[in-house]
Amino acid sequence: MLENFSFRTIIEYLPLFGQGLITTVWLSALSFAGALAVGIVLAAMNLQRGRLFRIAAKAYIDAVRATPLLAQLYFLYFGLPRLGLVLPELVVGIIALSLNSGAYVAEIIRAGILSIPRGQVEAGVASGMTYVQRMRLVILPQAFKVTIPPLLGQAIVLVKDSALLSLISVSELTRAGQLLASDRFMPAEGFITIAAFYLLLYYGLKGLAALSSRWLGLQPARSST
Amino acid sequence: MTNATKTGMIDFRGVNKWFGSLNVLKDITLSVEPREVVVVCGPSGSGKSTLIRCINGLEAIKDGDLVVDGQRLGDPATNMTQLRTEIGFVFQSFNLYPHKTALENVTLAPIHVRKIPRAEAEQAGRDLLAKVGLADKINAYPSQLSGGQQQRVAIARCLGMRPKIMLFDEPTSALDPEMISEVLDVMVAVAEEGMTMMVVTHEMGFARKVAQRVVFMDAGAIVESGTPEEFFSAPKTDRSRAFLSKILRH
Amino acid sequence: MIWQQLQSLAGSYPLALRGLGMTVMLSAISLVLGTLLGFGLGILRTGGNRLISAVIGAWVDLIRGTPFLVQIFLIFFILPEFGIELDAFTAGIIALTNLAACFICEIVAAGIRSVPTGQVEAALASGLSRWQRMRQVVLPQAMRIVLPPLVGQYVLLIKDSSVVSAIGLTDLTRVGWLVVQRVPNGLLVFFLVGVGYFIVCYPLIMLARRLERRMGAAHGEVQL
């Protein structure tokens, strides 16, 4: 049983957990920015007339969605050095998360653009706008609105996924729990504490998603993720 | 199941109901005899739908007594599921099961609730659909039927349970005008077979033809009650006169 | 050199098959158990008992709010402290089943809530019992909403099963990790691992997309 549960040890390790939490937050933030960039490029490729772009984007998205993040992470971790790219684990991790999440972000953006009623496009055409003008003035401002809640949902997934970076020895939150578990043989203290920290991040982002839905005047986000 | 004949088939005695602070049914006392057809009318929000939804327990009453077929609603001894099998309910929006064919809609409850053998239930279902004029639509899904046809299937679905009472909640108000009469014809036929019926409707032609009584409701209360002739030719209150002038104008 | 590596890789194919088998078995068992449990929880979640619904909701939130890796560690390292000895395989099944059940619970609950109240009222009015209403009227209609995300969830589950390699189960990902120690070509090894997952997951992704289109079309047709 957990009668020996030691809050004292948790407090002793609190600086380590704090550091891990901060690392998780900023590496997730960086990866999310990367994912947005990747997602926008992919979504733009998907909307091109040229077939090659569309096929390439679709193939990339399907490949990412049909394989686990952990395998993708190992692919880069063990594979990049082979290409002469020896990068710190942290950087490899951020690249993996960006490339992985980017595929999902691309789908969210695409769904957002497709959610705009045809009548909007037709109204744009009728008033003599070019393709770029229609996109910029009519479609994207509306699509942007509906993508915010699912993007925050994807951010939640990304934060949780970042735990896998502990398996390539990145000193983030989960790694801090593993250290406490292995140094002091206190897995309960280690893993329950980090679970609590992750829940903190989860409820924060979830609250933000709910708020954003309300601000944007959307229906409360349907249970996605 | 005690002496149902002593009281009416449906007996409201001082029934009240609130939605929050809104008194949607005010002190309702009303008795419907076996084989009687009662039409309930009144402006929207007058509580007429709530009134008949109480009878099969889709709405719970707050106080007073409501006795249906000798069983008191809200009494622990009353088996509501059992009682509902005796009461057919026709909805304004039909509420046919979209994943079932017309015949399956009619036979679902007989097979699963009444435990009638499938073949027998299907034969009865075909006969009922023929009776409402839909012999050729037995295997159609609701989405393939017009509103009038859907509502006739819904009536057949109720009749399939051989109910003692039929309740109709504005059965024609969701229909296009040209489909109203095909539904009313079926309802007249049901009434002429001696069914006990309560019908919320503004179809005054139907009321004149088969109703023994018209009940006029306003703001949750029964304002006036009488034979169709009395009600239409000599309404007693200002409110019923105002209401009649509105619905008879078109 | 690449030739030697390919030969060496070809030699590890029994191990790779075993890994793939483990991934498929883990996923299949937890998929079946998780679906059963998830439907049960989803029905209870919408069943009208506030307390039960709140407890399930809180549990689902806990599971959705924490990384799966942390859940596996919690189950594998902490349950033994309660006197429950687990091997890695059982721990993996428990973790995956629980994860699947929580996500499926929410999918099923959303499907049930999407069925119009008039349908339940019609079923009530014809005297169908609680279970009959669920079985005959509500669930068949909810399935239209439930099915596409359910299949999508299965894909996530199969991918999440890779995380159990962290507690030493020799699944497909773990096999890649073992092989790459001997054959130092991470690109090739994990490309092949990826192919293994792709073969299992991609048909399901296609199925989910097709269902989504079909259900969308069917839904439009039923609109009154």
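Order of writing sets the chain letters: A, B and C. Residues in each chain are counted from 1.
We adopt the following convention: a contact is a pair of C-beta atoms (placed from the backbone, for glycine too) under 8 Å apart; a residue touches a chain by one contact, two chains touch by 3 or more.
What you see is a predicted model; the values in this text were computed from it and never measured.
A.B. asks: Could you find the chain whose CA centre sits the greatest distance from that of chain A?
C.D. replies: Chain centre farthest from chain A's centre: B.
A.B. asks: By C-alpha centroids, what is the most central chain here?
C.D. replies: Closest chain centre to the overall C-alpha centroid: C.
A.B. asks: Please report how many Å separate the Cα centroid of chain A from that of chain C, as a whole number.
C.D. replies: So the centre of chain A lies 20 Å away from the centre of chain C.
A.B. asks: Per the centroid of Cα atoms for each chain, what is the distance between chain B and chain C, given in Å?
C.D. replies: 46
A.B. asks: Hey, how far is the Cα centre of chain A from the one of chain B, in Å?
C.D. replies: One centre to the other, that is 55 Å.
A.B. asks: Enumerate the contact residues on chain C facing chain B in the complex.
C.D. replies: Touching chain B: residues 116, 118-119, 121-122, 124-129, 132, 136-137, 140-141, 221-224 of chain C.
A.B. asks: Would you tell me which residues of chain C are touching chain A in their complex?
C.D. replies: Those residues of chain C that touch chain A are 61-62, 64-71, 73-74, 77-78, 81-83, 106-107, 110, 155, 158-163, 165-166, 172-173, 176-177, 180, 184-187, 189-191, 193-194, 197-198, 201-202, 205.
A.B. asks: Could you list, by residue number, the parts of chain A that touch chain C in their complex?
C.D. replies: The touching residues are 1-2, 62-63, 65-72, 74-75, 77-83, 160-164, 166-167, 174, 177-178, 181, 187-188, 191-192, 194-195, 198-199, 202-203, 206, 222-223, 225.
A.B. asks: For a test of understanding, state which residues of chain B touch chain C in their complex under the given definition.
C.D. replies: Touching chain C from chain B are residues 56-58, 81-82, 84-85, 87-89, 91, 93-99, 108-109, 112-113, 142-143, 147, 157-158, 161.
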